[in-house]
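Below are two complexes that have chain A in common, paired first with chain B and then with chain C.
Our next item is the complex of A and B:
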């Protein structure tokens, strides 16, 4: 019974923790601009993150070692170093966006300018990282993120023509007024929002922090095979809300405050309050994950003691990196950079950098020296290899598309 | 490619990305077509901001929004609209035919900014139940911007 409850809690945390500021902005913006013509990217991205996270969790549980440690060992320090710099930079961008997202959520309820709230949000993130046990941190904010289910309620309350929705989602086209380039750019943005590397760094490091072993492989599978698809349903609900409510009004999503407008319209003030709570929880949880991920990637590459399961005095350099990342993110946020633009760039660059960590995990997940008899099956390898090809194509196309479309303008 | 070269490339990409995230003035328009394209982009962005404020005003009057949410969101859209106007005004018209386009659009943007400011003032004064009436001129602003867009297409 305890095991079942533990799995249920893990699944719920995975659902609520799936959505971050990237998913909020990307799904809402594409729904408002492209209707449901990019809806297919969400399940495609969810399958990708399921494969990625399952392999990473399995490798971490069986080796008791996380992603970056193994990447350096298996593929060499040079590849690992390039990977580290790219992943750390993208992580930092994402952390900046998430902390700004927390500040914006609080400002929507307090009327205080969000820029003034950024330092306070950052202090709160750091205090929670420092003081709260790992599993409590994961579960509390994951469960609070379930407040975003209000978007699913909103879709139901709007009462759309389900046949029409299904038809639009399954017959995608490039809408009038858009070009194939902007369509491809936003497809990459959505894909990057679903397959963020920091989630995998956090997931695999968390498996080591929680002392997972072969006995926990079932829980790993439950979290990813049940939790992530349901999290994808949340993402789709956000997109559908935007397409049903914002698109007919010619409203483009350029501020985070526009994301919950459909919920206010369909569910009222209580729904709006839940949506803002969900945005707070999603961005706060993601800020915790990205700040810890910053520490994980650096400490794991350099071979330092890392993680919350060590006393802070033993993992002092890990905690210094976490703190320094938060400070740098705050300084960037205080310059007044547009948080939505930072979010868009971080998710697009995440998509571009994915092959750097995905490929090593695919290699290690097939290496019996690391995973013994639990190597990938043929079907999984076939699908995983297909995704690797897609990721490489995405990585090659990202920067040119960013230039051609002027960042999706 | 050596590790040092890879690091330099990544750091350069990082710097370009951060620069791209900062608000920047719209680039110059060298031809009338270019200028018209920027005018259309500006008008579309302005319509989005105006419609967002209209929507917020309707939600507020219907009791479907929170006071602080309405106040903060309207202020955000006002800032966004002011930035859109400022960016467009900073673009040098390439020739006298574009002067008429500029004059028209700036006039529409001025009206929209004024009406959004009126809604913001009312929201901050707690006149939430009357926001839809106070924001009624925004429908005219939106329609005018849409007509401008269609005329330029």
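Our next item is the complex of A and C:
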């Protein structure tokens, strides 16, 4: 039973973390705009997050230290502080987007303007962080997120020519009307959506709090090798849906409410209900993870008591940071800023910031003082180093591409 | 001089490590170290320095660091500099450093107390009221 519960951690990370507002928007938007010419980025990102999360889970299990604690120790307080500011800011953008996503999902059912629902969504998120039994919520949202499987059902219902899909996905080109710059920009967006750093902050902090040890390494592998590919399949289904339904009609995804449209047309009202439920669960789960992550990164850098199992009186500063982040996210959301744009910026900047946390974890996963005999194997190191090179190239290219393409316009 | 000294790579094995009090409560990091020249010519780490002031000092915000440290000592009515913890109080040095002190006595706990008294305890549903 304990094993089953442990896998729930991975499933939540997969559904609420892998598929969050970033994946919903990025996969839908690229499917509608680039057909399947960017589909290759999804498996590439899934492998990246598997490597990154497996290493950080293993490090957390073996030395009981979460990512940001180690970031400061290995990079020093100065570089660590810069890293903290960048990670916290990007995480705050993501939190804003997720809370807006929860509000939009509810507004699709109630036809109340989503901006009015943002404070209510935020209060719900905060109450879970503050006092509700976290493990139960984790499983509830993990299971509810499975409703997104309706996107897979929609693809199957539409009944596309599978050979044609496969050949499109494996022969990517830059479509007419797009430049190599926009193509690269959206590739980075998809990559950042798949490999978001907060997932790893949350995952490794959870592993420390659940007191993982060497005995749990199998569970760590199961979580990342089952959970993340499952998230990847859902992401691809969302992209394929958009490419089959939205692309032929030249519909650009400018709003989150357009994401479930293909499901509505292929599966009908019940399908739409499932899609909305799934979007609600995925964004809500991710809102929980990002709000806790904002507390994790600050508390771990400064050595404060932290954790979702501590009552607020035992980790007061941690909970104050979480609360303050939620309040700031609500204020940003209430300005009426476009949630899709916030999402796009958050995933693109996430991708740019990845080397900052990926590199120290890669070093530590090879250091016997931290992981004893469980250092990276040769093959893993080869692949992980290849990803490090890609991450650095992405980080260098992101800001110039953002300027050249005017944010992907 | 304490003859039980161990040979450690101070910047690798001590600096920026997590501190834990005698009950296992997380209570800050090793923000800086106080070292002393001994007669044998070696350097000995005598104190772990911790707290926002020490961190700011190390981040080359020296004036801010000194001010924060004075402020924290004055707030606590402390005679001695509370940010300095004698290394002999470190009962175990590993991935985290266990100290034979109570977190509540360290300057790193001031913010925690402030957050609890001024924010957390004013919000309902907070769970069990902690001691002190």
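Remarks
Everything that follows uses one rule, which is that the second predicted complex is superposed on the first by the 392 of 409 C-alpha atoms of A that agree within 3 Å, B and C clash if a C-alpha of one lies under 4 Å from a C-alpha of the other, contacts with A are read in each partner's own complex, and residues count from 1 in each chain.
Here, contacts are C-beta pairs under 8 Å (C-beta built on N, C-alpha and C of every residue); 3 or more make two chains touch, one makes a residue touch a chain.
These numbers come from a predicted model, not from an experiment.
In the superposition on chain A, contact of A:58 is made with neither chain B nor chain C. Among chain B and chain C, the chain that touches a larger number of residues in chain A is B. Contacts of A:305 after superposition: chain C is touched, whereas chain B is not reached. Residue contacts after overlaying the shared chain place A:78 against chain B and chain C alike. Of the two partner chains, chain B is the only one touched by A:108; chain C is not. Once the two complexes are overlaid on the shared chain, A:345 sits against chain B while remaining clear of chain C.
With both structures placed on the common chain, the touch criterion links A:370 to chain C but leaves chain B unconnected.
Residues 78, 81 of chain A lie in contact with chain B in one complex and with chain C in the other.
In the complex of the two chains, the chain A residues touching chain C come out as 63-65, 69, 72-73, 76-78, 80-81, 127, 130-131, 302-306, 311-314, 316-317, 319-320, 323, 370.
Listing the residues of chain A that touch chain B in their complex gives 78, 81-82, 85-86, 89, 93, 107-111, 249-252, 254-255, 257-258, 261, 264-265, 268-269, 272-273, 276, 332, 335-338, 341-342, 345, 349, 399, 407, 409. Contact residues of chain C toward chain A in the complex are 15-19, 25-29, 31, 50, 55, 58-59, 95-96, 108, 111-113, 115-116, 119-121, 123, 125-130. Chain B meets chain A in the complex at residues 3, 6-7, 10-11, 13-14, 17-18, 20-23, 41, 44-45, 47-48, 51-52, 54-56, 59, 63-66, 68-69, 71-73, 76-77, 80.
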